[in-house]
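Given below, in the form of structure tokens, are the structures.
Shared between the two complexes below is chain A, which has chain B as its partner in the first and chain C in the second.
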Partner chain A sequence: MINICRWLRTVNSEMSDRISSEVRHPKFLGFAAKPPGKLKFFLTALPFILSIAIYITASQIRHAENPGDKILPTFTQMGDAVYMMAFEIDPRTGERLMLTDTVSSLRRIIIGMTAASLLGLVIGLNMGLFPGVEALSSVFITFVSIIPPLSILPIIFITLGVDEFAKIMLIFIGTFPLICRDIFLTVKKIPQEQITKSLTLGASQFQTTYGIIMPQVLPRLIDTTRLSFGAAWLFLIAAEAIVSDSGLGYRIFLVRRYLAMDIIIPYVFLITFLGFVIDWSLKKYVARRYSWYIKSKA
Partner chain B sequence: MKKLIIAVILLSMAFFSLSCGQQKKEYRIAWSHYTGWEPWEYAEHAGILKKWGDKYNITIKLERINDYIESINLFTAGKFQGCAMTNMDALTIPAVGGVDSSVIIVGDYSNGNDGIITRGEKSLKDLNGKKVMLVQLSVSHYLLSRALDMNGMQEKEMTLINTSDAEIGAIFKTQKDAVAVTWNPILMNAVKTPGALMIFNSSRIPGEILDLMVVHSKAPDELKKALTGAWFETMQALEDKEKMKAAVEYMAANSGATYDEFIAQLKTTAMFYKAADAAKFTKEDKLKKTMDYVRKFSFDKGLFGKAAASADYVGIEFPDGTVLGDKKNVKLRFDDKYMQMAADGKL
Partner chain C sequence: MTKKIDNILYIENVYKEYGERVILDDIDFCISEGEFCTVVGPSGCGKSTLLRLILGQELPTSGVIHFNGEPIGFADTRRGVVYQRYSLYPHISVIENVMLGKKLELGLLKSGRKLLEIRDEAVEFLSRMGLEEHQDKYPHELSGGMQQRVAIAQALIMRPKILLMDEPFGALDPGMREAMQVFILEIWEQSDMTILFVTHDLEEAVYLGTRIIVLSQYYTDGRGADVQRGAKIVADYELKYRAATTKAKETANFGMLVGKVRREGFDPKQRTHVTDFNLQHPDSFQSLTDIEKQRV
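Moving on, here comes the complex of A and B:
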């Protein structure tokens, strides 16, 4: 098996050598395509341009038929709605609604994810190193991780109430088991020799756990947390849709009552943007702080 | 080979004649679960809808949508020709969305089907500083707003928590200091919680929360006639002592309630069993006053969207031809014509 793999690899490299020595690469089609810079940029932009164009056309057709159409608002309508939500003070609450919504949603997701990743780190680490802890919690956490969090949503609200705590707990329950198990597996992969060595050099078990092993799994923790954010948003919005008095998901499900797509669409983009910024900054942080980790992955 | 060809020809002829037979136009009508709309499902079940469709040579396809708001959104988007909804939602969703809609049947009004319940607070004044759970911007919100008005209070005095109607009953039962505004059947189960009190309900504002059948104004007369005819024939069945039991049994089972529970719900729903009563109600001046409350509430809560400068943005037309709001932008019409025809036996 290994031999076949090795053979394939040599064939592959030979082929790519041969291809690169040939005169021309196709620009778009085929395995060997090498889109030049401009074309590559164009190809990247194309799906976005197409989607926007389709949207604008459909929106105009609907507005020509019915100027009051709410289903596909024009960009001007959305701009006005964003302006009103972001800059004008709401008479009832005395707040700028978009800001209030963003702050409460971010607070919930950040508290929930911080708790999940910190606890996931500590428990995962101890599970990986101490067989006693592993015996105690491994099966249980695996079991919990299989429960679909949205299915226990009613139970969470009924037992924990309608305040912030219930929403944060849903995010926590939804992301913690995965982070914990991932850290556990990462710790398991660290060679036993390293632990033996640090113990023979005189480190205590405590020092080995938190001084030698923990720093090695930290970038992996950030990576896993990053990937769990997608799930966290899902749980946050589900929680806000059901019981809430502010938040991005709350607003979307509230204005749905009068079909205010001019608010819903910009909010969806805001959520996407926030998700992107969080993802990007965590990625950059890992790249800067743990360059060895990036290299080891490559 | 010859046999095969003959078979193919025969088959295609059969299909052709079949498709010729189906030239009746099909219209899709949406509804969602609510006491006052369960008769629609019974009308279909008992063949009443089909009978009236046949009479006007159309096919009426009744479809239940699990999510009430989604059913109205689909109607607004043009996926349905008609939809069961309340007067407030008819104004704020299709009408404000520029879809010219006509109310052809006023089925009932809530006469206790919506209410404010607490776990001990005895009056509205005690709600100051409390957290109130409700489906915001729904008829519950309207009811709360009217109750506060009547007591000289303001919404600012409490915190409103938007709570899904799927969870509100269970949360109310388990939270000791809960206050909720909701509708039946959630309401009648929640109020059974030990210590729970109903401090206000829609019987205090009778005739303001209306359950309607709304169709696109441009829908053909045949559809409007067939729907109205079928509805009032169903109402007759509900009044008939012999037929009633079977009908209520069917509707109760269909809505997941027991027979007694459904009867209890019917008591707090003021159904217009007679077309004449429904037509009379639609003609009364009180309806104008109600719609004025409703549009002011909707405008205040931002339900008219950005384009509206005042509550006059959309025109609401009444049977006598008067228009509330913008005469050039009439999008909601109360049309008593078909109810009157049903009352006169002209359908």
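Moving on, here comes the complex of A and C:
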């Protein structure tokens, strides 16, 4: 803490050396604030540092009272648990459990989301361009999108069985209507001029739909898929919690019976980390592949 | 009155209504091939609506629009269009935008040799527009004037029979606007194309056109005061003296003509009766109902 204070003081004095004009931006407070690089980094890290510090303190207090405490495990305990889950072969299944869980969860969520985004694209696109398709499906899809997906989870399990397909289906049903409606609205916002123009350039309706309009909504599709991943994780974990034999959500709910917080907490971090990596890579992909999308919006 | 139904464009008794609101109120005119026809009128008079009807983006409520002697139908390659905005596709480069129409013609059979030919042709069009060094940029990286030149190239490469332009220079600053006016005149003189050019800028209309059509809702007829009227063609002139430079805009004749058109079409207080419209152009004609002809 003393070190941080000293460092902050040097940052401040560095800043006051660089007086270039009479009016300066404040460093932290107000609309016009411009935190300098180091301060910005510090501010970004601060909530993380604070949460970890609070956790460690609370964990130490509990362990001082009761060395066998399971509710707030120490980092050493969690490290041991992670080692066991990640590297030791489970005698019952002959697998490294953390790897098996990660692979089966990722498989489900990726298949489910790919299906939802591809079908959402095709249907949303056609709804946005063809008034007949819009009349046919717009209200129906809006209606379906309001059904809480978890409320029909029992129906899915009863009708589709309890294997992989049912879990993928829940992810699909939970995310498809939103993606579809978002693509529909995006296509609706494309000026009519662009469609007429394509006809004057000799495009057929098929060429206009899939050759001219679809490429324009692809980056938006990736964006909206990115945002739907949050919901997808929710449905995945709900499905795995109820019936499964592997998966990140399955494991969390399984070890809950033994109050195994030393496994649950690292697993939550693993899920968060996977979600973050997916989000980050999709964002980077859009920025790299669709520069016109980022820049013509600005 | 001779009807020229076989002209490149022939419009008779065209009405356009949106719900209760009448926008175009019995429009009649035809256009001869090779004409640079400007359509001018106060804002909200339905100039752009008329252009969309000719383009085939919308259908008239009633009336006849013929193109080369046949009913016109929805948008196709015989008509090129340049809008004020949104003419270019944001997701492909400038050269791809210009190549687009020709590439669509190929369909799925895209041989490398054909594509190269198309690219060469597109580069040629772009260099006519003075834009060959910008060919690999995206539209958003170009200025407004450059974007409009690309849009013109994109339309011209299809060699349309008629080029429809809807306020194409409306969003440009005055200097760029004047440069583009000279530029489009050059393009028009080099080709045998017919142009229909919609603008709300009177000087632009008088400067560019070989013919000026004034569309306005400010007129009187025998239908009484409580009828909601749409716009009619209130004046239609042949502009014989082609301007060589923009200096023409400073001459007395030019100023007088602009003033005259302004009085005829743009002044709500000065309403001409339908039978007294100044329809001097040989391609102009008028079909009025008996009630309309009555003088109140």
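The rule is simple: the second predicted complex is superposed on the first by the 276 of 298 C-alpha atoms of A that agree within 3 Å, B and C clash if a C-alpha of one lies under 4 Å from a C-alpha of the other, contacts with A are read in each partner's own complex, and residues count from 1 in each chain.
The rule is simple: contacts are C-beta pairs under 8 Å (C-beta built on N, C-alpha and C of every residue); 3 or more make two chains touch, one makes a residue touch a chain.
Please read all numbers here as calculations on a predicted model, not as lab measurements.
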(request) Could you check whether chain B and chain C clash or fit when both are placed on chain A? (result) fit
(request) Mind working out whether A:Ala81 is in touch with chain B, chain C, both or neither, as first, second, both or neither? (result) first
(request) Return first, second, both or neither, reflecting whether A:Gln207 touches chain B, chain C, both chains, or no partner chain. (result) second
(request) With the two complexes superposed on chain A, say which partner A:Glu193 touches: chain B (first), chain C (second), both, or neither. (result) second
(message) Which partner chains sit in contact with A:Ser291 here, chain B, chain C, both or neither? Use first/second/both/neither.
(response) second
(message) Output check: A:Lys70 vs chain B and chain C. Expected answer is one of first, second, both, neither. What do you get?
(response) first
(message) Is A:Ile242 touching anything from chain B or chain C once the two structures are fitted on A? First, second, both or neither.
(response) first
(request) May I ask you to name which of chain B and chain C touches more residues of chain A? (result) B
(request) Considering only the touch criterion stated at the top, classify A:Phe253 as touching first (chain B), second (chain C), both, or neither. (result) first
(request) Report for A:Gly161: first if it touches chain B alone, second if chain C alone, otherwise both or neither. (result) first
(message) Just checking: does A:Gln216 make contact with chain B only, chain C only, both, or neither of them? Give me first, second, both or neither.
(response) second
(request) Once the two complexes are aligned on their shared chain, state how close chain B comes to chain C by Cα atoms, in whole Å. (result) 49
(request) Report, in rising order, the residues of chain A that make contact with chain B in one complex and with chain C in the other. (result) none
(request) Report the residues of chain B in contact with chain A in the complex, numbered from low to high. (result) 69, 73, 76-77, 92-93, 96-99, 131, 133, 136-138, 155-156, 159-164, 166-167, 170-171, 174-175, 303, 305-307, 331
(request) Quick one: which bits of chain A touch chain C in the complex? Just the residue numbers, please. (result) 191-194, 196-204, 207, 211-212, 215-216, 290-293, 295-296
(request) Provide the residue numbers of chain A that touch chain B in the complex, in ascending order. (result) 66-71, 77, 80-81, 84, 92, 154, 157-159, 161-162, 241-245, 250, 253-254, 256-260, 262
(message) So in the complex, the part of chain C that touches chain A is made up of which residues?
(response) 55-57, 74-77, 79-81, 83, 85-87, 89-92, 100-101, 104-105, 107, 138-141, 154-155, 158, 160
